[in-house]
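In the two complexes that follow, subunit A is the common piece, with subunit B as its partner first and subunit C second.
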Partner chain A sequence: MSAHLLDVRDLGKRFSRNGRLVTALDGISLTVARGETLALVGPSGSGKSTLGRAILRLIEPDRGEISFEGKNLLGLNSADLRAARARLQMVSQDPQAAFNPRATVARVIDDPLRIHGLGSRTERPAMIARLLERVGLSPDLHRRAVHEISGGQRQRVAIARAIATKPSLIVLDEAVSALDVSVRGDILELLADLQRDENIAYLFISHDLGVVRAVAHRVAIMDAGRIVETGDARTVVADPQSATGKALVAAVPKLRYRAATEKA
Partner chain B sequence: MKPMLSIRGLSVAYRRDGQEVVALEAIDLDVGAGEKLAIIGESGSGKSTLALAVAGLLPASAKVAGTVEWPSLGRAPVNGRDIGFVFQDPSASLNPVLSVGEQIAEVARTHRGMDWRQAYTLAEELLGRVKLPEPAILRRAYPHQLSGGQKQRVAIAAAIAGKPQLLIVDEATSALDTIVQQDIVALIRQLADEDGMSLLFITHDIALASEIADRIAVFRHGRLVEVGDTGRLIASPREAYTQGLLAAHLGLEDVSR
Partner chain C sequence: MNHVRRFLATPEGMAGGLLLLGFLLVALSAPFFFPRDPLSIAGPALLRPFQDWSLPLGTDRLGRDVLAGIFHGARTSLAVSLAAASASIAVGAIVGTLAGFAGGAVDEVLMRVTDAFQTVPGFLLALAFVSVVGPSLGVVVAAIALSAWTGPARIARAEVLSIRERDYVASARVAGMHPLEIAFREILPNALPPVLALASVIVAQAILVEAALSFLGLGDPNRVTWGGMIAEGRAVLRSAPFLSIIPGIALVLTVLGVYLAGEGAVEASAARRSLA
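Presenting the complex of A and B:
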C-alpha cells in the first residue's frame, strides 16, 4: 500500500447538467504526506471543490482510487467509512451554512464526539471546553448560539469541531476566503499551530494565491478537471510553467505604489 | 472646480433588535468629476452603508444626519440616470425572467427617452462594450444562461446604460475568481476613463483598490480612518490601522514573514 497519507489515482467524475455531460474531474492523481499542506488552486469550475468533496466521499467518483491511511476509501462499507470519516474532516467557507443556526457552540462540537463515541455524556463537556481553548476561544462561549458569534469565532468553532475526532487530514475549502484580513492572519496561524502539534495534513482549496504562497508546502493547479501543474508552492507562484498558473499569478491584485493616473 | 459629490457630517444609524447601531459617524468626503475613489474596510466598517447613502437607497427606518450634495449637478440625482450601481451578486440584481437585452434597454428607455428600437440597439452596443461575445445573439439570453462573470458584465452594461456621472461598484468582483476579477476591474477602469465617469469602488481588498483608484479612503467601525492619494496611502500610511491592513495583506510581493 501507499506510504502516503492520501493517494489519489486517476479520479474521474462527470455530471449531467442541462442534458449535457460535464467532466468535473478528468484523471486526477495526487498525494498528500502526513503533516503536509497541499493547496488546490484554479479558476471557478476547474474542479477543485469537486475533488475535495470526492475525497470526503460526499460525491462518488465514476472511476479511480482513493487510498487514505492505507485503506481503499472507495471500497469501505458504511461502518468502516464512518470510522474513516473521524480521521478525515472538513472546514468550509461559511460555517454558518454548515451549522444548524439555532445550535449552541457546545452542540456543534458535541455532535462529532457523540457520533464517533468519544467520551461519555459526563466527560464530553470538559472535552468541549478543552477544544474551545485549543482554538483560542473562551470555554464560556459554549452556551452561545452559533449565529450570535462573529465570523472569525465561528470559523474557530468549525476548526474545533473538525479536530474533535483527531483527524489526520482536513479539507479546508476556501476556509479563510470570507474572513476579514485582520482575522484571517490569526486563523492561518491557528491552522499552522495545529499542524505542527498534531501533524495534521491539509488539503487547502483556495482561489487566493497570496494566501497559498504563505501557507502551503506544495500546490496543484487545476483547470477543466485536470491538474496542469504541481510543485513547491513558492517555486510555482514565483515561476509558473502552465498557462493556467501564469494567468492565476498575473491576476493576483498587486499593491500599487503609484496612483492609477500616473501609470503609462 | 466643484466636486461632483460632497458628503458632509454624514451619520447613519440602523435599529436592530430595538437598539440603535451606528453604521457611519460624521463622514466628510468629496469625489471629484472623473475621479476614481476606492472605499476600503472590513466587515462592519460602514463602506456599503456609505454607498447606499450616496445612492439614496438606505432603508426608510435608517436614521440619517448630515448632507450628501451634488454641486456639479445642481439638483438631486436620479438613480439609473445620474448614478449607476453594480452590486456584489448579479443574480440578485438582474431580473431572472427578462432577457438581458431587455433589462439594459429598459434603463435607456426610462432615463434617456429612447424608444424600444433605439434602446435595443444601444443594449447591443453596450453588450459589446462590456466585451460579451455576439451581442446580437446574447441580448436574447436570460441571466441563468450566463456565468457569474458574464452576468456581472450585463449588470455593468445596465448600470452605464443611463450614462451616469457616478458609477458605484460595491464588492462587484468578490464572488468571482481572480482571473475573472482582473478582467472585470480592467473593464470598469476602461469604461470610467472612456466616459469620464466618477467611480466609487467599494472593496475589502486594499491591493485591488490600489489597482484602480486615484484615491483610497479607509473606513473602520463607521469612521473614516484616513483618505489619500493611492500612492501615498500605500507607500506611507499615516494611521496604525491602515498599516495593519497592509501588513495583513498576503500578496505575491516578497515580504519577510
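Presenting the complex of A and C:
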C-alpha cells in the first residue's frame, strides 16, 4: 500500500439532523507522512472535527478508505481496532471534559498502559512517573484527582496519556484553543519537542492561523466538508488561493489591528 | 462531614435522621435487650401495656412479649428493606447501563422487559411470586426487588445516554478500552448518584410491602415481623387494640423517617448544587 503513515481516500459522512441530511464530510482525501504536522483549518462547522473523529473511528464514515501504517483501519474488527489504537491517539480541546471526573492522574495514564499490556503491575508506577516527567510535570502529581490540577497541567496529563502507548499519529483536536496564551506556548513547545524525539505525526485541528503557521508543516483548509486548499503552511497562510483561505487569513490581522488600536 | 452537616441543617433531614437513628438502634440492640426468642411465651396472655414493667408493652394472645417483637421486627424490616433496595438498585443500574450504552436492539429488548415489569402492579407481582415459591426471607427480598428494579433501570439508562457522549468516554475508546469496561468503570459510577436518590423511596416501599405480605400470612413464619404482629392483633382488635396499634406506630414512624431522610438528602444536594 502507500508509503504514507496515514492515507485517507474519498471519506464521506452524512448525519441526519431533524430529519434533514447534513453532509459533514464530502469526499475527503489527504495524507500525513511520519513525523509531519498537518494542520486542518476551517470555519466552525466545516467538518474538521468530524474528520478527526472519523480517522480515530469514533464515528463511522459512510464511504471511503483510511489506511494507517499500511492497515485498512475501517476493515478492522473491534478487537484488532482496540489493539491498533495504541498507535493512533487523541488530545481533545477541553482538558476538563476529557477525563473521568472521578479519575486520578495515575489512573488516567495507567489505563492505556494496562490495556495494551505495557509493563507489569509493579513496573507501571515507574513508567507513569517517567511519562509525567516527560511532559514536564512532577511525578508527585500522580496521586491527585484530575479535577484538582490546573488546565495547563491537565492538558499535559492528556498528552502523557496519548504518548503512553508510543503512537505514531496524534489527532490534536483544538488541543491548545482552550488554554490561555502563556500556557499555550509551553504546550506547543512540548508537542514540537515530542515530535522531534519520537517522530510522531500530528493532525493539528485548529482555527487559529497564527498557531498553525508556527507549528504545521502543511495545512489543509476545509469548508463545508471538503478540502478546498492544501499546501505548505507558510505559503498558504502568506498567500491563500481559496476564498475560505482568504477569509480565514483576513480575520487574523483585523483582530490584531483592533487590539493594537484599543491599546493605544 | 460537610454533607452530614448540610443534611442535618434541613428540618426534614434532622427529623428523618433522628427517626432512622432510633430505628437502627432498636434493630441493632434487639439481641442485647431481648436475647430470648421473641416467639417464645414470656408471661400471661393479653397483658395490657404499662401494667407489668418487666413486659412494658404487654403480651399478645399467646403471651409473647410485644416490646421484644417490636425490637426483633425492626431487624426483619431493616434486613429486608436494605437487601431489597440494594438488589433492585444493583439490577436496575446494570440493566439501565447496558441498555443505554449498547443502544439499538439490546436497548429495545431490555426496555420492553422493563415496561412489562412496570405494567404489573408491584405488590401483585410480589404476592404472586411469594405464593408460588413459598415464604422465606430471601424470597420476600427477591419478590420486592422484582417489582422495584424498574425505576433505577430507567433513571440509570437516561443518565448513561447523556454520559456516553462525553469526551472522556471517547478518550477511553481511543485508549482501546473494552466496551464493557467503559460501561461499568467509566460510565456507571458517574450515572449512579441520581439512581441512589431513589434508595429512600425503595427502602420505604420495601418495608411496607414486607409488612403487607406478612399481614397476609406470606412472610417468613420463623421471624417476627411488624406486619405479622398487626395481623395477629386483628383477631382481638376490639378487646386488645394495642396489639395492632403498637406495631402500626412503629411502621409509620420508620417509613416516615426513611422518607424524611430521603427528602433531606435531596434538599442537601440541591443546596450544594445551587451553591456551586
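Note that in this section the second predicted complex is superposed on the first by the 252 of 264 C-alpha atoms of A that agree within 3 Å, B and C clash if a C-alpha of one lies under 4 Å from a C-alpha of the other, contacts with A are read in each partner's own complex, and residues count from 1 in each chain.
Basically, a residue touches a chain if its C-beta (ideal position, glycine included) is under 8 Å from a C-beta of that chain, and two chains touch if they have at least 3 such contacts.
Please read all numbers here as calculations on a predicted model, not as lab measurements.
Q: With both complexes superposed on chain A, which partner does A:Pro43 reach: first (subunit B), second (subunit C), both or neither?
A: A:Pro43 contacts subunit B only, not subunit C.
Q: According to the stated criteria, A:Arg213 is in contact with first (subunit B), second (subunit C), both, or neither; which is it?
A: First partner only.
Q: Once the structures are superposed on A, label A:Arg20 by its partner contacts, choosing first (subunit B), second (subunit C), both or neither.
A: A:Arg20 sits against neither subunit B nor subunit C.
Q: If we overlay the two complexes on their shared chain A, which of subunit B and subunit C does A:Ala247 touch? Say first, second, both or neither.
A: first
Q: Once chain A of both complexes is superposed, is A:Gly185 in touch with subunit B (first), subunit C (second), both, or neither?
A: Touch status of A:Gly185: first partner only.
Q: Mind listing the subunit C positions that touch subunit A in their complex?
A: Against subunit A, the touching part of subunit C is residues 166-168, 170-179, 186, 189-190.
Q: Once bound in the complex, which stretches of subunit A touch subunit B?
A: Of all residues in subunit A, those touching subunit B are 43-44, 151, 180-182, 184-185, 207-211, 213-214, 237, 247-262.
Q: Show which residues of subunit A lie in contact with subunit C when the two form their complex.
A: It comes out as residues 53, 56, 58, 78, 82-83, 85-86, 88-90, 92, 94, 97-103, 111-112, 115-116, 158, 161, 165.
Q: If you look only at subunit B, which of its residues touch subunit A in the complex?
A: Listed in rising order, the residues are 36, 42-43, 148, 176-182, 185, 189, 204-208, 210-215, 229-231, 234-235, 244-246, 248-253, 257.
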